[in-house]
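Starting off with a structure, shown below.
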Amino acid sequence: MAAMKSHRQELWFEVPQRRQLLDITPQVEAAVKDSGVLEGLCLVNAMHISASVFINDNEPGLHQDFEAWLEKLAPEKPHSQYRHNVGEDNADAHLKRTIMGREVVVAVTAGRLDFGPWERIFYGEFDGRRRKRVLVKIIGE
Amino acid sequence: MAAMKSHRQELWFEVPQRRQLLDITPQVEAAVKDSGVLEGLCLVNAMHISASVFINDNEPGLHQDFEAWLEKLAPEKPHSQYRHNVGEDNADAHLKRTIMGREVVVAVTAGRLDFGPWERIFYGEFDGRRRKRVLVKIIGE
Amino acid sequence: MAAMKSHRQELWFEVPQRRQLLDITPQVEAAVKDSGVLEGLCLVNAMHISASVFINDNEPGLHQDFEAWLEKLAPEKPHSQYRHNVGEDNADAHLKRTIMGREVVVAVTAGRLDFGPWERIFYGEFDGRRRKRVLVKIIGE
């Protein structure tokens, strides 16, 4: 038993393409270390509604599969198929991010992200070419 | 560092249609204020398995896109296509809620929901016309 | 107000088929009891990226609907349709788990999982026939 502490950090990204997956595990691990939290929970969420934070495998073939699969489930084009695309063209990004998820919550144990063997945290950008943020919030003792 | 506190609140809804998206951000913000928590985590989850809590944009065109998209990925009719629909007709609501998600976890910072520019919390009803609940649980200091 | 405590537990499974849904609510309830936490949050996550932890209904017809639906959205075969499947054959499991979700966060209230009437926690195995783990992490007071 101990008093509670909390830590907040923003991670910024500017992806040069419309869509890309970035492994952000090292930045989240650094935030956990900075927090001084030994036992707790770490929330990592996209602060933008056309981007995702999710956990999966860091394998390039799989990332190509994600791209093809999301384009099948929620195709970008034609832009005119979506009612959101009046002055916008990113409706598909909102849908893709819905499939992939806004956030992950990861246990912190003994001062580290408590991960299985292949778990890595990704930032999923679906409407890039501008500066966007991820929030890391850690609470615990 | 400080002692931990927690707060629990239920939000009730009775949606007159089968499907609708409701912006519940003001009610969740009020719960955060009531909690007195300054730094922590706020869980918001549907307590029913045919409804969702999710974060996205409060834009009517996008909400129509969600409706059309969910009907494509998990169509309501014919009811007979689902094995769950023996004495029930809401199998599609379970699938739609799976796509949209059961819950969100939002950071609380300086006593407020720590949101990006367009993030809003929605209750997604997929089998309405009866009273249903959302749970808000806040822990922190 | 009280000091914070935390509890960590692993649940192990070896599913004899490729795909199966297991109700793990009793094991998670037991972990909450073991934790001694009365008010807090309980994270339950798959530690493997081809498996899911999710909340839905314990109804066998619905589970058959999930199987058919996931096979429609992310079919297993032909294995050659996925770039990940070079020396692997489980790309579809990564996609299915993405739809179903990696984790749930459940409120703990008065020492129990704070659930609506039909909520049950499931382990969703999409690439079985080997030992795999779920992590339960509980923090609170």
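When the chains are written out, they are named A, B and C in that same order, and each has its own residue count from 1.
We take it that a residue touches a chain if its C-beta (ideal position, glycine included) is under 8 Å from a C-beta of that chain, and two chains touch if they have at least 3 such contacts.
Just so it is clear, the structure is predicted and the values come from calculations on it, not from any experiment.
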Query - Classification of the chain A:chain C interface as same or different, half of numbers criterion - result: different
Report task. Specify the angle of rotation obtained when superposing chain B on chain C by their C-alpha atoms, rounded to a multiple of 5 degrees. Result -> 120
Report summary line: Here the gap between chain A and chain C, centre to centre from mean Cα coordinates and rounded to Å, is 20
Report summary line: Each of the following residues of chain B touches two or more other chains, namely 3-4, 41, 73, 99, 101, 105, 139
Query raised in the report: Which of the residues in chain C end up touching chain B in this complex?
Result: 1-4, 39-41, 54-57, 59-62, 64-66, 69, 73, 99-101, 104-107, 109, 114-119, 139-141
Report summary line: Listed in rising order, the residues of chain B that touch chain C in the complex are 3-6, 8, 41, 43, 45-49, 73-74, 82-86, 91, 94-95, 98-99, 101-103, 105, 133, 135, 137, 139
